[in-house]
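Below are structures written as structure tokens.
Paired with chain B in one complex and with chain C in the other, chain A is shared by the two complexes that follow.
Then we have the complex of A and B:
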């Protein structure tokens, strides 16, 4: 028993703070659900934005966010996990390597907005992609990359040194040790990190706003070359409108976004269970 | 720390390049093919690391080059002393101070909301709650951390501001106080969860010793546990502040885009982030001062958040560094008593 038995004044103050924190955690979601109540139906999920609040839907935005999440996963995960393996297992411990490693890691603390500004210069203007889904995916991949690297590196370093020592003692090469022992043992941790990074990018509105996401497009993006629309920026666009009816639309789009993140986390949880079982 | 895998390298020259059956219990058609897959794997991971480094370099280089073009026309002195930020005006003014002041106000306000609440919640979780309550509260805090910030922006504008204006009718529709409150809630999970891990790192023997000496639980907490965890708690605060300073959607929706320098939390204001988010919606053409101004502001934001984040990571690492140093300094026999 680690806790204190008698509560006293400090215990009461802490309990009160905890109650406030719980309320702060629950309230936004309750508000969102209540305000979205009348709007959420199948028509809203497949409908397109409209000048008339009653007819509007999130179809294109939902398709856009699914595209963006897929592109981000495809671009950031292999590179991020690969880089983490290199930094954790291969990289020489020189000052130069450590400087690069900490530069990459500290980018995880840079606001998403800044990645949007660089994405605008690099992809929208530099490569001439324009405000497309592909430019958005590349920008979000840059945003996800540092988080994937940091969390994967942490997961790989948590694998006990004895596992590696035992495998080397049996004559395995470094790649065999990685593929058969280290990566399977680290897989659940890597997956957690990847999920966090993808959830963070799927909900990011600021970078997409900066690179020029549209909020009034009536067709869903069919290829990465189509114009960029996404759920978070749709929530923003509707929140910023003062006409009646649009606040409820913003809340409903927010609920759809939260539901998407929930699905992402549940899928990751299920996969993590299987991976943890396989590693044993 | 011996858990660092990189300290363990495969034995050198253990594998002579010679023909013959595989020498190990591992599959593989022969030494040559094993050596090949070894080389391919190494090269693949190296390329990944180079790509990650390249992405980091691209972010920094883009910000630096466009900002350099900006500062060729606007002197840094002007940038730091002018009292307005109006890049689109007839006679544009490029003073960063109003934006910096607004960001400082929102960040400080959010820290005032989140720091006491988060720290006390962490103490509650660690020392006062029963396991069931701790599980529920932790789950709620993790959910809170997963909510996208644009959703918080919506809540700030459509719920918090109207509620505050009921109490305080002179409050403007766009105001700093609503943004402070909601940004505070947004960084609450960061403060709570990181403070909690700082408390978890305090050895239980410290608590036991204090209580055994007859100190009250309050005294043990205030004089023993909190000072021992102070480095980690400071790290939690730094990482949360870095997030608050970079927060965009809440401040854009709740605090608006008023260009003036104001210290009143009842008025609207414009942070570094809100300026970038709002201004770029007007599609500034490349090569104009207006376009370069984004990069100057984004660079300021980058430097601030990067520095605060690095400080936080350094503070968080300090604990384990000190522990390592202590472990090295301790005579070998001291370990035997455990």
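Then we have the complex of A and C:
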């Protein structure tokens, strides 16, 4: 407790708050790891769900979440960044545009469950896709879109006005200013937004449950047209079972999901470093 | 009027006559009744003046008098500001710049501009110089062009002949000279310099001053500045702006030593009117 005294009262209170935060962040991971301990092995990663807890694996769900993340990124990134460029660079500053912009911002706070209901009506039934990986990807892309738009827009707006003015004064067209100065400078910020959005969607169970994700499929989805399975819904399915052994399976699937998000963040960090290096 | 440094010596002020064969008398820029408003608020009122090719024109006046607006009216940079409205006429080599079919991008390639803050692009010195020519579809030898304009701005020797150093490693004065080199790389006929020395120390200011003087003799330069000494040292003609109006325009020596208008005199002597 020596360190606490050195900081004075406010410092001590804040240090304590930091310690609580650390504990709150570490404890769930420790509990997950302890619970999952006996289950996590290679066989679990490639195995398929089973009535017998000892034989069950997370293979189809892992493949499903990889598919979903890929589809979400492929759908939400071009549309989201495109919309952000429009709002930041092209849109007139009228009340109507500002209203649309704030509506998009508010959409980022809408519960994922609501997107599930929309996805069910629009893709599963409306387009007749059924409860497939593609329907899941489209639904999660809707969920990711507002976050991508808002963060990319902010990243683009934070490019110094002097850079734009200098580029225009050198006789560059709007497109050249955008492509060669603004977007490269904003790229690290855009990437951060995309990563946050993908992390949010990769862990979302509610919308996938609403559109009808399966929890007992013994083959991994090979195309977007296959039946939807995903890690978060698998965690949910296993944690709802009372037989012994399934709680450990749920924890282990949770660890796999966390590891996947960690890989996503590390990849994003490495890419961001490279982009920032290129922009300097 | 006895401000130090205003007295000119012949060697620091060589005559700049055009060498490209064009008639010396034809104005390269002709402004008539130029008005600029920002969201209805007038920033420039009825500016009329001519600029002869190859001359250096200084625009002086107190902060907020419209120097930047005047410069930006000459290469249509003002229209990037929401709410800006320009009326009147600016003719460049006889062509009205504000005709609707005139592309502002083309205008800016012929009339380049350097700003008060030396904002560099990310990347190397070469990347900065190459941006403008690449945007204009330059098909020649970019490295030769870079060497030429960096030498013209006195940076080539500073860099030891290596344009691949990071632009961020340059000093403030070097950055501003890089901005000038970057603008020259587009081969403009007119170069607008907006308070290029406002953020620089006296040594760097002096270097910019001599650089402005050494630039190609056919290049017309309009320089907005708060630095009367810089204006006196570099320019052939000086315009004094006050509250968006052109108060006085004439040969720099006459305007600086014997201003016709009391407002000009107050500004030059630093007296509060």
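One rule holds in what follows: the second predicted complex is superposed on the first by the 265 of 280 C-alpha atoms of A that agree within 3 Å, B and C clash if a C-alpha of one lies under 4 Å from a C-alpha of the other, contacts with A are read in each partner's own complex, and residues count from 1 in each chain.
Assume contacts are C-beta pairs under 8 Å (C-beta built on N, C-alpha and C of every residue); 3 or more make two chains touch, one makes a residue touch a chain.
All values derive from a computational prediction rather than experimental measurement.
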Task = Applying the touch criterion given at the start, work out whether A:232 contacts chain B, chain C, both or neither, answering first, second, both or neither.
result = first
Inquiry  = Output check: A:256 vs chain B and chain C. Expected answer is one of first, second, both, neither. What do you get?
reply    = neither
Inquiry  = With both complexes overlaid on chain A, does A:134 touch chain B (first), chain C (second), both or neither?
reply    = neither
Query = Of the partners chain B and chain C, which touch A:168 in the superposed model: first, second, both, neither?
reply = both
Query = Looking at the overlay, what does A:160 touch: chain B (first), chain C (second), both, or neither?
reply = both
Request  = Check the residue A:181 against both partner chains and state whether it touches chain B (first), chain C (second), both, or neither.
outcome  = second
Key: chain B versus chain C as contact partner of A:191, first or second or both or neither   = neither
Note = Across chain A, the partner (chain B or chain C) reaching more residues is B
Query = Touching A:22 in the superposition: chain B (first), chain C (second), both, neither?
reply = first
Key: Touching both chain C and chain B, counted on chain A across the two superposed complexes   = 93, 160, 164-165, 168, 170-173, 176, 180
Remark   = The chain A residues in contact with chain B across the complex are 2-11, 13-18, 20-22, 24-29, 31-32, 35, 78-83, 85-91, 93, 100, 102-118, 120-122, 125, 142, 145-146, 149, 156-161, 164-165, 168, 170-180, 182, 199, 202-206, 209-210, 212, 232-233, 235-236, 239-240, 247, 250-251, 254, 257-258, 261, 265
Key: chain A to chain C touching residues, read off their complex   = 93, 160, 162-173, 176, 180-181, 184-185, 278-280
Remark   = Per the touch rule above, chain B residues touching chain A in the complex are 2-11, 14-15, 23-26, 28, 34-35, 37-38, 41-42, 44-49, 51-53, 55-56, 58-60, 62-63, 66, 116-118, 120-121, 123-129, 133, 136-137, 140-141, 143-144, 146-155, 157-159, 185, 188-189, 192, 204, 207, 216-218, 220-222, 239, 242-243, 245-249, 252-253, 273, 276-277, 280-281, 283, 286, 294-295, 298, 301-302, 305-306, 308-310, 312-313
Query = In their shared complex, at which residues does chain C touch chain A?
reply = 75, 77, 80, 82, 105-106, 108-109, 112-115, 117, 119, 121-123, 131-132, 134-136, 166, 168, 179, 182-183, 186
